[in-house]
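Labels run A, B, C, D, E and F following the written order; every chain starts at residue 1.
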Amino acid sequence: MPFEPVILFFLLGLCAGLIRSDLKIPGVLYESLSIFLLLAIGLKGGVELARYPLMELALPGLIVVLVATLIPLTAFPLLHRVGRLPRADAASIAAHYGSVSVVTFAVASSFLAARGVSAEGYMVVFLVLLEFPALMIGVAIARRGSASAKWGPLLHEVFSGKSIVLLLGGLIIGWVAGADGIKPLDRLFFDLFKGMLALFLLEMGLVAAGRLADLRRAGPFLLAFATVMPLCAGLLGVVTANFLDLSVGGAVLLATLYASASYIAAPAAMRIAVPEANPAISIGAALGITFPFNLLVGIPAYHWLAIRLQGVI
Amino acid sequence: MTIQPTLRKLLTIVCEAELENSLLREFAHHGVTGYTITEARGHGAHGTRDAAWPASANIRIEVLCEERVALEIVESLQEKFYQNFGMVSFLSDVQVLRPEKF
Amino acid sequence: MTIQPTLRKLLTIVCEAELENSLLREFAHHGVTGYTITEARGHGAHGTRDAAWPASANIRIEVLCEERVALEIVESLQEKFYQNFGMVSFLSDVQVLRPEKF
Amino acid sequence: MTIQPTLRKLLTIVCEAELENSLLREFAHHGVTGYTITEARGHGAHGTRDAAWPASANIRIEVLCEERVALEIVESLQEKFYQNFGMVSFLSDVQVLRPEKF
Amino acid sequence: MPFEPVILFFLLGLCAGLIRSDLKIPGVLYESLSIFLLLAIGLKGGVELARYPLMELALPGLIVVLVATLIPLTAFPLLHRVGRLPRADAASIAAHYGSVSVVTFAVASSFLAARGVSAEGYMVVFLVLLEFPALMIGVAIARRGSASAKWGPLLHEVFSGKSIVLLLGGLIIGWVAGADGIKPLDRLFFDLFKGMLALFLLEMGLVAAGRLADLRRAGPFLLAFATVMPLCAGLLGVVTANFLDLSVGGAVLLATLYASASYIAAPAAMRIAVPEANPAISIGAALGITFPFNLLVGIPAYHWLAIRLQGVI
Amino acid sequence: MPFEPVILFFLLGLCAGLIRSDLKIPGVLYESLSIFLLLAIGLKGGVELARYPLMELALPGLIVVLVATLIPLTAFPLLHRVGRLPRADAASIAAHYGSVSVVTFAVASSFLAARGVSAEGYMVVFLVLLEFPALMIGVAIARRGSASAKWGPLLHEVFSGKSIVLLLGGLIIGWVAGADGIKPLDRLFFDLFKGMLALFLLEMGLVAAGRLADLRRAGPFLLAFATVMPLCAGLLGVVTANFLDLSVGGAVLLATLYASASYIAAPAAMRIAVPEANPAISIGAALGITFPFNLLVGIPAYHWLAIRLQGVI
């Protein structure tokens, strides 16, 4: 198959939502699954990380983050000037696309594993690093000129947010305990990972189905943005990965991080920090279009790109 | 009958779950001594909120307090949140036993 | 005080969870603009409903609306559901800020 | 309009979840015919109860009944539970259709 | 042991309920477990199905469904005339017994697996097919003579119902992805299946305990019906299976499908479509008597029957 | 590492709570995990138990329970006279410390397993036996002199309580089904046990963080009590284990049972039976201090003690 079987669960959820099935995933199950996935990704990354000298990651990490800031900084003027979206909405969407989607990352990892393509274990560190800078940029843009910016609560909101705490916590536990210490937990966190991802995607499909209606109001510009932006960001990711001498697998994962749009951390942070932005638009684009687009088209495309461009730069 | 119920206001707010912390700060600021929260879903001007995931969950908050405080809070909510957030609030008259508590 | 609360009715319905869709259709039919739902359990003439599984779960629905609409809905509920379903509903007076909304 | 709503009392109790059985015994003792429970969390004189685990969960119970019964229950609650448990209760006036039921 | 160990969990739940333990399975856990079980059964069936030419199942499928209609069509007059139950109640109970219990099916599969008896993989297709015709029949009987029948919403209710969506969705995903594609999900959906079933049975025991009180009102006729009906339907299933040349395992599963009474799809559908039927009676019989009866007596009996009657027809 | 890696999850939860992260474990997940853990511990014990002649456990069981009563009977006067706590509070705390913490027991078992130290399989029986006598003693002390003691409801509350029903139910199922009958359930109940324990500890950390504030009010005496009491009780456990000729592993587990303080069964039972006791104090001490103390210091200490004292008595 050109795409991962877990994606079929997303499509099942989407269909169930569209035919207005009475299938409902309890909100608590959604929360439990997202706790599981974030923790498991962190743990896995932490175990891998133990193999690398941490210091050597500092420079690549900085580069990955700096390059990533191009995404919201390009997306904002595009959305605001060309797309004529209000400043707040444009800034909020830019923040969503600048941040990352943990589940898209997980699907890309599965995609690689199924094809036997290995990737640098420390990509999870980049996942953690990329989560928040774009949120800061989005808020800064949205508030430009207004004196009322309160950064303290926002910084706290982001750094103490569920996704950072679980990813980073998992990372540290994995790193401290090491592969041996984690071994008794493998049965839950690693063996069941893909099945849990499938259940989560089923739920995401149901949620996405409910978001499609919002998109009709969004207009064709946003639809174009939500598919072209990831492709460009994915290309940027592959190029950056080549510059950093990452493997093909690493390039696919970095491309996916750049290309994906956050819908766990970003919606929560933007809702409070930029309240005048309409969440239906940003979530509709990120979850209704870009998420399935990356699953079905993006990841295979980044893989194709990564193979083509390998060694070019 | 030994008890003498006293009138107080019950302020009920239904809003997006993400506002919880902001509202609690608001309450603290108005000297509220307690509140009760239940998870909710619903529908209104901001569309259907089905609580399938955090971004579409509501909460329903109740605050027992004096009329003056209730009106102050409502006014403050209206100013700060009504424009940008899904939120509904209403006041009702209730009788309590320990008026000094609320 | 700049705000002037207006009186509206709050209609509260507690019923079997399976009725949710039927009630939402009912509301739409009466032009209701919003509602709030919380999960509930309870006891009544139809026995104990402990929400341990879908067949024994209740929901609690609130609708803010004009008295006329509330009475129409209640009348319609009584006709369609009271006989065969576990259901209780009651009306109360509440004050709201944006009367045009409800 | 064919329906004639009658006045009844709505007694609402918010308290520690552990009291559920004790309260149900209380209700039975006062001849209450029904009640509705929702899960809740909150804050009050006994601190924050965030429902993260059973020991910090609240419940919110509603009972529709005659004023006399409501007052009797409240009096009994005050005597038995107010001192040692997190508990708040209040009464409001509601209109019901089937007064004989409550 | 003559019965499956998982049944002990049902008995534990039943005891806990009867001694009024404060053990409560949260409703959300019930829903999560039922999503898991339905999906897992569908997936397993789908993987097996990929081995058979689909077309060859059309005729047996039709026969299985047609024979199954005998169950509600016999049950109704029995309940209405002999048992003197009101039309609506008789029709609703007939629908419950004509439809199938997914969990009873799962226990029967476990029973066979524990004895090393194999069964045709496509039995899950029959499970899906048998779920709804009886519901239609029940509604048709209940409404006979009344003009107010609205079939549209009912059909939608049934076909978009949670159990059909998950069973059928799982079936299709399993069929499309195949054994290899599903492999990374095996750890969750197949390895944990029996444990999850045990937890679900614990919950069913608690629920059933609460239903026993309803049964006292039901009277001796319903008690007899709830034990004799499954035995007759089970016999019918074994005979039909022989006619279709199914293996002994297949015969046990078909007997179980015929003999079991639905308590997931049927209660929800009947409540809305035949509101004047008292759910306490139908659920009490299906869940309070027939479900444990099948677990403890029925399944071993159908197995015994299937061995005896093998090759007889 | 000197301690079990699962403890890192407790620390993560504690940190998340202290930095006021928005990470919240849904209450339903807490309940589901505790159902799982109790049942799994019971099942494991039941399977082990099948290897021993039950009658031989009667005398050691009696001794273990009798010695254990020393704990609340010593703790009460200490708390009431020396610590000047009100009678109700002192009695309630004594009951908490006399009873046992299932999760601490589970962590101690993990600790032993990771070090390859084996223990008598029937320790779970002692776990069940030790759960409730202290609760009775606590209530008896609290109510001394008052005529209003109603023992019936309390006894029912304790014996039909969730933790007893699940532990005992699991024990019986494991015993009846035996290792072979349980085998298909191993994948859920045994393989995932440690991962589930890790998730539960994450939640306990979050809960404990919220309890630390209560402790400030408690004063230095209670802090000392909550660390010295477990050490003394642990020593008592090791000595008793030696007297009963248990292995080193058995001694560690018995020490852990004696040293740990209940926060599942005890809080629920005390709240109803001794309502005038302030739960913030007893739970704060048991969960806020003694639980982490046992995880980090106690268990390794009891292990050290058990090795030192082996064969001494």
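What we mean here is this: a contact is a pair of C-beta atoms (placed from the backbone, for glycine too) under 8 Å apart; a residue touches a chain by one contact, two chains touch by 3 or more.
Since the model is a prediction, treat every value here as computed from it, not as a measurement.
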By label, the chains that touch subunit C as well as subunit D are B
Two copies, subunit A and subunit F, superposed on Cα atoms differ by a rotation in degrees, nearest 5, of 120
Consider the two chain pairs A-E and A-B; indicate the one with the greater count of contacting C-beta pairs. A-E
Counting in whole Å, what is the centre-to-centre distance of subunit D and subunit E, each centre being its mean C-alpha position? 40
The distance between the C-alpha centres of subunit C and subunit E, rounded to whole Å, is 35
For subunit B versus subunit E, what separation do you get between their C-alpha means, in angstrom? 46
Scan subunit A for residues touching two or more other chains and write them down. 24-25, 28, 31, 192, 268
Identify all positions of subunit D at which a residue touches two or more other chains, and write them in rising order. 38-39, 92-93
Would you please name all pairs of chains that touch? A-B, A-E, A-F, B-C, B-D, C-D, C-E, D-F, E-F
In their shared complex, at which residues does subunit B touch subunit A? 16, 18, 22, 39, 47-48, 50-57, 81, 83-85
Residue set of subunit B touching subunit D in the complex reads 1-3, 5, 8, 10, 24, 33-39, 62, 64, 92-98, 101
In the complex, the residues of subunit A that touch subunit E are 1, 5-6, 8-9, 12, 15-16, 19-26, 28-29, 110, 113-114, 191-192, 194-196, 198-199, 202
As the complex stands, subunit C meets subunit D at residues 12, 14, 38-45, 58, 60, 71, 74-75, 78, 82, 88-93
Within their complex, state which residues of subunit A touch subunit B. 24-25, 27, 30-31, 203, 206-207, 210, 214, 263, 267-268, 271-272, 275-276, 279-280, 283
